[in-house]
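Since the structure comes first, as structure tokens, the remarks are kept for the end.
In this document, chain identifiers A, B, C, D and E correspond to the written order of the chains, with residue numbering beginning at 1 in each.
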Amino acid sequence: MSAQGILITAFAGAGLSYALGLTSARLREVFAIVVSVLLVCLIAITHGQGAEHVYYPDFLGLDLVLRMDALAWFFAITVSMVGCLSVIFSLHYVRGKEKENFYYFALLLVNAAMLGIVLSGDLLSFFIFWEIMSWAAFLLISYKRGRALDAGLKYVIMSILGSCAMLLALLYLYANYNTLVISDLAQQIRSAAGGFPLWVMLAFALGFGIKCALIPLHTWLPDAHSEAPSPFSAVLSGILIKMGIYGFILVMYGVVGLKLLLEVGAPWLHFHTVLCWLGAITILIPTFIALLQDDAKRLLAWSSIGQIGYIMLAIGVATSLGLAGALFHTLNHAVFKALLFLAVGAVEYKTGGVRDLNRLGGLIRRMPVTFACALIGGLGLIGVPLTSGFVSKWLIYKTLITEGHPFLALAALVGTWGAILYVYKLLHNMFLGQLPEKYANLEAAPFSMQLPLMICGFIIVLFGILPGIPLSVIGGIVGTLGFEPVTATLTGFGPQIGPLNTLNLCAAFAGVLLVIVAFRGIAARPKPVSQDDSYAAGAAAPAGKYHHTVRFYDPLERMTGGYLRDWVDQFYLSAAGKAKGVFNGVRRIYTGDVRTYVMYIVALLTFLIFAHTAGWL
Amino acid sequence: MRKQISLLLLLIVAAGFALCLAGAPFGAEGARESRRLVKDNVNYGRRYVSKGLDENRCANIVTSVVLNYRGFDTLGEVTILFIAALGLGAVLYGRRAGASPDEAQRPSLILSTGCRLLFPLIMLVGIYIFIHGHLSPGGGFQGGAVIASGFLLICLGCRKKKLNSVALGAAESLSGLAFVLLALIGLAVGGSFLLNFLPTGKVYALFSGGIIPLIYIAIGVKVGSELSGIIDNLSGEVR
Amino acid sequence: MVSPILLIAVPLALAFLTPMVGLASKSARRYMPAIAMLFNFIVAMSLLPKALEAPIIVRTAGWAPPLSIHLVAGPLGLLLSSLVALIGLLVAIYGIDYIREGARARYDVLYTLLLVGATGVVLTGDLFNLFVFFEVLCISSYALVAYRGDSAGVEAGMKYLIQGAIGSSLVLIGIGLLYGTVGTLSMADIASSVGSVAGSRLFISLAFMIAGFGVEAAIFPLNAWLPDAHSSAPSSISAVLSGVAIKAGLYAIARVVYTVYGASSILPFLAVLGVVTLLVGEMCAFAQEDIKRLLAFSSIGQMGLILFALALSSATGISGAVFLIISHGLAKALLFLATGYMIYRTGSRDISSLAGMGKRMPIMSLCFTVGAFSLMGLPPFVGFASKFTIVRAVLGTGSTFFITLLAIGLIGTVIEGAYFLRIVQWLYFKPAPEAMPEQTEGRAPLTALVPVGLLAVLIVTIGLLPGIVGRALGPAADDLLDRAAYIQHVMGD
Amino acid sequence: MNFLTSYIHYVGCFALVLIGLYVALVKSNLIKVIIGINLIDTGVNLFLVATGYLGGGTAPIFSKAAEQSQEMVDPVPQALVLTAIVIGVSVLALALALAIKVYDHNGTLDLRKLKGLKW
Amino acid sequence: MTRIIQLVLSPLIALVVGVLLLGLSRKIIARIHRRYGPPIYQPVIDVIRMMSQRSISHGSLFDLGVVFALAGSLVTVMFIPLGGTQACQPFAHGVLCPLSSSGGLLVVMYLMLLGPLGLALGAGDSANPNASIGVSRKLLLALAYEVPFLLVILAVMSHYETISLTEIVARQQQAGWGALSVPLSAVAAFLILPAMLGVRPFDLVSAPQEIASGPMAEYGGRSLALIKLYGATHLFLVIALFVDLFLGGGVNLATFLLKMLIVFMAVEMINAVLPRVKIEDAIKFCWKWPAGLALLQMAITVLSKSG
């Protein structure tokens, strides 16, 4: 199955699901799932293929090319997998809501467009699919109305801005190298004399950075992620922002190449170093802002920005371990962030749209499976050993330390500790603590919602114990991008990269666990007691059953005195307000007095005459 | 403020005009001065003056230019007048002119009789002007305007008299159509739009100039009916 | 052989015939503009392949070019006249049921004549004839803007007329200055002798023409009439005004600057003017609450971009500009047409009244969205292909000046995205207000859905297969750029 | 001085144009503005005719009496002016119709008050 | 074989020594307060007593959290070199560190998380307000001391250019203690030891008089026993890490334990005399002094490495 077949399936699937939806809702759902699963399978069987072929000759004088290689495959499988899970999750989530047809269409379209992005063999089709993804995502973000509309607008404005920059950059490449096919371009750029201009790199970075929410281009993300429908939040956070990452990797290593990249911006500011530092900032600030969020999805959104910081940091270091870490973390983040968003979505679905962490609690009793999966996802996000997140973060730290960037490593590590705090807050405030009375009879989420969670959870643990499975693919990719390939064993790394053996760790942990459980078994079994029994000391439970997890990290908030805010966003908003004022001012030139208009005409004429006499024209 | 700015701007425009006229000689006169006026060349109409009489057998070179060499402009021009008449009707559609106190009053007998007497004479003059457009100064536009003035007189002098707008409309449509068709016949016959396909006759005779008098008649009718229509629309209810 | 002059003569004859038809059958009269435009479309399309090889020179009255008025049906002219005919045809179909009030008989004639004017402008090879057809176009649009006779329409028409009339006078002064200098009116003839005459006078005549044609082309700061006129006219008229009429003004400027004067020194200024127009248009559109006014300002913005691309003086730049003329024509016509029935439905032009339109008028809303996306330049719609071509051309020039201007201009695109997507949100994601006055006569009939749908299909089709028009763009650009070839084609050897 | 004598006709018609423009720029009465536009038109028409003027030339109309030999002025601008006049008349008619309608709607012809459409 | 013995031995040592240190702690403090104090083996007795009591449970996570915490800290111990093994040769490998080849300092840092996290999850399930407050404080405190702690570790790692803990210990034994080569880091690490151990002045997590032992509020019986054991292991772990990082580990187990004892005594002195601080103050303190010192040291290290 070629890349072309995959894309046709994906796009036709999106279109057909809409058409089918007009006849039967059930048929559409089944069809959407079948298409998504089919895509995963199709991509899975193309593993290891490498092909490049023209699929649209002479589009505006350019050949559009599709290609399949290791990097594309890696991203494609991630995209199709998360996309498939979100479609499955959507089954119940959107059922009975309005515009289901549109929802499925847009969701499948976004997935298809993302596949298009990663399978593009030239930058023009990359851009085309990129734009399709952007507007389709905009439609989905706006789906829930209300505040979602503002979020959608914010997203799309920034997105267009990024696209414009990207368009400039890629057409600069075209103007200078007369091709946009990635492989030719790479060859020509590398063989051409002279370096690669910084502004082009910056323009690309603006485009990609906005999509992957690199600080200070991140401000669309918290709003968009939190206001989008949850299955789509999973897609957004899991894979859509990863397209920015893909873009960075593609341009930096696939097109420009390592050798030239290290020269970009020299001698004052090395582009990749700047990227590293931006990555570090992107880890630190959002992590701490995430701590203080009360909206579950907003918290996760900020956390996404933070995790993107890790990936950017690792990409910027420009080492083979770093890149491997970045790729692995991309995969991991896709999985566990999708899991967490879906878990929040399940809670939201069951509680009728409540995402406020201060109003939830104790749901572990009603939704144990969801909690278990969310716990695994949370641990993965933190990077606890035996989850896949650990291995990728380990790679990133390792490369930072051995390459001599302790300050960057510090940012990454502190970010991890921040992650513990917000993951705990998320889990605790939703699932632990007291169960509000109105949720006492909540039922567990339907199976179609639990299944994606379980799959994600399984992947996290599997790749955590046997990281060699993904790393064998990633190691190869790193090799194709001009680095020394990373060789990993099935359970970690040999001594030349660093001591890591997750299987040993797992065995030790299991052993100790067994011993403790056995030891614990000596003692008497505890007596199950209702939660409020013990602290109310047998008295009747307090009327309001007050809940104690409001403003969980209040001391930190108090201490930082409100400085932990999204300053950038405020700056943008005020700038936007100013711009609006300017626009309104500009509008006033059309005064309504026709004589003034005549004056404008005469003025232009006068100007031309004057300019001519003055010798300007 | 507005005045000062306007004056300033206009001063610069005036300077621009002055700049245009300064320097090399300007216009046909200027071309003659600088000896660029070539007899049989197209510049400044020299060729029309020198060859026009032979080519179209039309004594009035201006008419020859208007209807033959630049006949296509004239078609546009007729169209514009047509547009103006229609546009006026469209804009004023449904409007009743305010009933002025004079309107209720019957015009005096002398006035209305005088008008009726004058009307055929005016018509006659108008028709004369456009029929002789290719021989003497004047032509379809001028004649049409004279005809319209006759209708204006009727409107003013005999207030109760309403013009037959259907007939006017038919006249303007048909005359316009006649113009286009005459032009198209040229295309069909000689492969060129507006071709002077009729025998051009003898110069200075009434029947000379080929299709030129025919077109001028069409234009005369058209302009007359259009201007009359405009007068009608401005003075009464527009339907 | 079919002569390009039929493109003007036949619709003109049909327009003259229309009142007569009206006497026989009122309903038959409504179809006359559509018939005329259908004829034009077929003829223009059938002539286009031949014109792509070499311009078709049409003599009038049988005289060779410099002697009498001639038409030059080059690739550019025929491409644009096909566009005029196509949009004219679709809008004419739309107008069959849309126009319900006023002097219907006059509407049909004026509408046809407006398009005849536009066709004449793009086909003619004579400067004064260009002016005449320009006036045909302008005067009929003055009348049509005020067609409904309501307060806004009349005021807009009056303002449009005043500015337009002054603009025309300026053009005429320019033509007079030019005639006084070279003594001829055929554009090719002028072009061949312009090189030999000295500077100032020519430049000032060019300045007059730019200022004059610029009024119709809606160049900043000459565009104050446009938002008023386009928003107050009936939607079908807005569609042709935005889709066709202003393009004719721009064509006139391009033709004059490139062919007649070969004035490359003014191009950077025009580029700056284009970008300013783009920014001002988009900025003003951003704060509009009136949907039609918003669309009108957006047209200004797009005209700015087209002007900018035209001023690039490179083959890709001009083909991009022509492509954008086509794509903007299609999209803006679609938007105005779709808006027309939405306004009928709600009785209000406020954007907020569009809430929930996605449910009430699904096809119209969908088409509107397609048009809006295309205008923003999102793939896979045609707007993308055209904007892409322009950006490619700018970077192809490699000039920092143009690239900087483009970068500034792209900000306009961002603003444009902001307000159009806001409307899309209103259409689909805002709940329809309760107790909506449901106006049954607002339901779109087939004659409205077909043109709107066709335009949407065209936008998608050309967007996916830009090769359809792409083939004609290169020759069209050469038509404008290659002055010597133009002169040679027209004047013979 | 030589400039004035040889270009006096141009000066006159440009003066008309400028006066017309001034009226259109400054006067607030719609009818006056329309008159201003008409002035511009007139000026332009005069200008066009002037471009074709040849000193000592006759009107380009042949007659049996004066068969040939005499210098004739350029006929083209005259034809153009014929067209331009008609266009001017058309615009004028339409302008007046619009003015009537404007007055019907607003009860005024003061352009300062006709600001229903702005921004 | 030796591997397996090591695997069993190392957690066992940690448990025994940790429990005894707990007892010692009470004894030392009592002595400083001029009391007699409980016997040193008192914690052992406590654990046995608690194991025999039947407790309550609020749910599976309530119990499992504690198990995870203990398991996590015990596994961590396996990654820490507990002194050289010259004295007891059969245990080969040079050092008593059973999982040295399965991960380095980075793994240790991560595994140390599991304890607080497990305890926090368990306590969270108890829905006791005191527990919530305690957990919130615990996590914030962790955030507070982790910043200097990470700086310290990074400085050490960059100084020795390795992430392997055994390597660091070996290098110290060759070229002098870490306390001498990265002195400011050592000071910083010592300053945050009380916070890491949760003793005064940073005992605000379990502050018994204030929030009823915080996370432990609802625990009793076997779970509390496990918490106790976790506490002991954690105590051992932190001090052992300090010894490994700055005091050159130990030539053999005995010297290692001796060094630990000394460090422990020093910490207990602080514990005995200082009052409890507020959480905000704790954060401020940690981010000011220890973090400042560690940052300075790191800057020096980085500069000296690059220069």
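In this text, contacts are C-beta pairs under 8 Å (C-beta built on N, C-alpha and C of every residue); 3 or more make two chains touch, one makes a residue touch a chain.
Here the structure is a predicted model, which is why all the values come from computation and not from measurement.
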> Minimal path length between chain A and chain B through chains that touch?
Replying inline: 1
> Which one of the chains is farthest from chain A, going by Cα centres?
Replying inline: B
>> Can you check which chain pair, B-D or A-D, has more C-beta pairs in contact?
In response: B-D
> What chain lies farthest away from chain C once each centre is taken as the mean of the Cα atoms?
Replying inline: E
> Roughly how far is chain A from chain E, going centre to centre by Cα mean, in whole Å?
Replying inline: 36
> How many angstrom between the C-alpha centroids of chain D and chain C?
Replying inline: 28
> Using mean CA coordinates as chain centres, what's the chain D-chain E distance in Å?
Replying inline: 99
> Where the CA atoms of chain A average out and where those of chain C average out, how many Å apart are those spots?
Replying inline: 43
> Counting only residues that touch at least 2 other chains, which ones in chain A make the list?
Replying inline: 587, 590, 594-595, 598-599, 602-603, 605, 609
> What are the residues of chain B that contact at least two other chains?
Replying inline: 2, 6, 9-10, 13, 16-17, 19, 22, 26-28, 44-45, 69-70, 73, 76-77, 80, 83-84, 87-88, 91-92, 95
> What positions in chain E touch 2 or more of the other chains?
Replying inline: none
> What is the complete set of touching chain pairs?
Replying inline: A-B, A-C, A-D, A-E, B-C, B-D, C-D
> Which bits of chain B are touching chain D when the two form their complex?
Replying inline: 2-3, 6-7, 9-10, 13-14, 17, 21-22, 26-29, 32, 44-46, 48-49, 52-53, 59-62, 64-66, 69-70, 73-74, 76-77, 80-81, 83-85, 87-88, 91-92, 95, 136-137, 139, 141, 203-204, 230, 233-234
>> Going by the contact rule set out above, which residues of chain C touch chain A in the complex?
In response: 158-159, 162-163, 166-167, 170, 200, 203-204, 207-208, 210-211, 214-215, 219, 221-222, 224-225, 227, 265-266, 269, 280, 283-284, 286-287, 373, 376, 378-380, 384-385, 388-389, 391-392, 394-396, 398, 403, 406-407, 410, 413-415, 417-418, 421-422, 424-425, 428-431, 466-467, 470
> Which bits of chain A are touching chain B when the two form their complex?
Replying inline: 595, 599, 602-603, 605-606, 609-610, 613
> Taking the complex as given, what residues does chain B use to touch chain C?
Replying inline: 16-17, 19-20, 22-24, 26-28, 30-31, 36, 42-45, 47, 68-73, 75-77, 79-80, 82-84, 86-95, 166, 169-170, 172-174, 176-177, 180-181, 183-184, 186-187, 190-196, 238-239
> Residues of chain D touching chain A in their complex?
Replying inline: 21, 24-28, 33, 111-112, 114-119
